[in-house]
């Protein structure tokens, strides 16, 4: 990585241009001045080559999944296949207007329909909508469906959603955005649902329970059928956060566990690129009785013809068009690349990888949960914490060795949490390298703690003053001038 | 550290009582858990807020915490110095009050904790 | 074996030894037997890359690539080659959210540049790192106004894109926010109606240009709203900001809208991006990621996510919004596009749309097959009332490889003209009109 320190505005020079434009031989149009802006926006003036060199240098300040191992728990940073990008960019997908008549977009509608079907089969839910733009958006859709369902049944008292304290922040946030009150229940020490805690909050005011399985500590909810029974008996619905679906590929289906609604993260389980923070895609799936509530429009098929349909009892529209179509096309290519024959290998190999790392390092790190883990696991800091080296320091020191740090300080139920998810694409060689570096850093923490506490040392910038950034916010270029 | 002579709430706010008025702030434990305070949200003067209800919020880089009024009161003054320099709460949490209230129900003071009893709240 | 799954049988054997399990299946012992799958999935068979390529090429050919005269929220603009080339760099494409800033200065820098450009274009004080699309950005702007004012009704101009109104209504319904649609008056937002309906109003949302293509003059709106403690939220489609009076100049409190026209291909409606920007005093109510400048321990200038205490991972149930992933890569595409077009180019390309749309408008009226709907100014979209069968016309266009205007009801057709439409293409469309009875 190279420390490139120019902002695009700083390389701008008046009258330079970077574009090519055909000017039509048509009369100029003068709009009334009172509806026009007084001054032009102060955008950069650079040549095309300036743009390319600048953003190439900017990119070299980034670590991508192709640069090295990214063991981020709950993120499923797997390889983003090139063929997905290439095929999604075909002009017959890229140049299509969303408001073209359905007869002229049969290819895309077919991809949507088939993807919906494949996700249904993999998850065991009856129907899907690909419209939500991200996992959190899928959660919002799912919660709206829960509300709509209860309202249809005239069950207006049900305005509470139960969330375990080990849940990802988007779960309670989505519930709040949907107008629910959040009831947080304390988990068991291994992050699983505490049945007594659950029983104590179930009532006729509960709309549903949100869970991920395996949970955020990488443990399978072995009482899931009991949980499902309790929630359904109380009249609630069961929501599955699909963030950890990778562990279940080939092994189990959320639909069989009693989940009524789920969202899937295409940018996690199904390989679409993270893009530095999006675009993702969070398809929402439902059991039979909830199909009509799915967000509009839904893709249907009749005698080989694909079309859109709106349901009158749908929760409504969650976006202007049909979700992140270009992301969905990438996921479809991935699903077809793996197919029936290989999809089932993913869960087993992801889980093998996670256990391999865990068992290779549990002599040096605190393993709060015994036994086999699923596709990810949590360490709760160093076994020997006598020198005061914390998880944050370990994470920063890993950057020096060319690894991206794992997820830190989540789930919140472990104070020195470090969550590691290798995914199935990493070879034993990569895992061995990572294990070796973790052992080196654990040793450094004892023998040379200051080195670790002041890490990173080899990155282009080191520990940042986040307090200054929050106290004196500089949020646009004009603030510097 | 825990300053004697003040009354505390379990949610880590302190009250200093003078006649029917009280100054309210956050304890050393609170500022320490938050880390460097970067922002504070203050209530409007003249508002009446019930015991246990939110009267403001403090924010650090990694956390956001609502502030709960330990006793029912009418906001008489807010410490606007904190808006420009929220770090004062870290530097001296007991010397920098956040709001001054008119105490509307003196009996509520009995349910607050003395310094000795507050110790156990900080022992987690 | 599969090309994405590197484990050999030797690897598996060696790894199992370390885990203490005799088979991989043993690692799944915590899954109750009755939940474990016994069969393979009933999904299509795996395809080789070559077959899959042929399969996708065939599917892509089942979508018609047309000469586009339709807009209504998605526009056929030219994307310079540098955009796709640069956003495909793996450091941008495959990287995660910049939570470890030391190894994500690239992402953080472009977010900062993006935020800066959005502020320049909208005249606002601060922008976030992007939202899912223009419609959801508008809905979240409504939530901001709700959080800021504590009031329960949102006014929405009837001249807005009905798809955006639909999203606003969906979001509002579950938060128990009342949506009051301000009826149009001669195709414009009725300020008098707004004035008399500000009771418990958190604000007014307007669109510029509006759905019908009209550029509305929103002078005076902000004052009326602010007097009653309400906010002005303005939705501008991105390219319109190049030449139109900005939300900042109209004293709007929040600016939001769709970014697609800044270098993002049509791609059947997504992935696009939404922008959301506001005045600094409301920054803590704004959802989404925000990037700021600071320095590192050695004094070097650096970029970092800041004001994170607003976000879901910290606020959880108390968050104003649940947004986590946004449309970061699309924000990068926009940033590269704006850098490439630059200060002058952005205005010139907008001007080409402006000239083209007005030329088409004049020529269509000359055919005497249309009635004017009003005389309001417009940018790159306009509405005309057809005197012929609009369905036959659409079919006639399609038969000639043209995506004609959108029928928005009552025989009214919404036309869009971008810089990509040549005079020859417009003349062909006009010919199709002339042929209508």
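In this document, chain identifiers A, B and C correspond to the written order of the chains, with residue numbering beginning at 1 in each.
Everything below uses one rule, namely that a contact is a pair of C-beta atoms (placed from the backbone, for glycine too) under 8 Å apart; a residue touches a chain by one contact, two chains touch by 3 or more.
Since the model is a prediction, treat every value here as computed from it, not as a measurement.
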{"item": "Chain pair with the higher count of C-beta pairs in contact (A-C, A-B)", "value": "A-C"}
{"item": "Central subunit by CA centre of mass proxy", "value": "A"}
{"item": "CA centroid of subunit B to CA centroid of subunit C, Å", "value": "43"}
{"item": "Rounded Å distance between subunit A and subunit B, as computed from the means of their C-alpha atoms", "value": "38"}
{"item": "Centre distance in Å when subunit A and subunit C are each reduced to the mean of their C-alpha atoms", "value": "20"}
{"item": "Touching two or more other chains - residue numbers and ranges from subunit B", "value": "38-39, 59-61"}
{"item": "Residues of subunit C engaged with two or more neighbouring chains", "value": "309, 314-315, 318"}
{"item": "Residues of subunit A engaged with two or more neighbouring chains", "value": "466, 470"}
{"item": "Residue ranges of subunit B touching subunit C (in the complex, touch as defined)", "value": "38-39, 41, 59-64, 66"}
{"item": "List of subunit C residues in touch with subunit B within their complex", "value": "284, 308-310, 314-315, 318"}
{"item": "Contacting residues of subunit A [partner subunit B, same complex]", "value": "466-467, 470-471"}
{"item": "Complex contacts: residues of subunit B adjacent to subunit A", "value": "36, 38-39, 59-61, 86-87"}
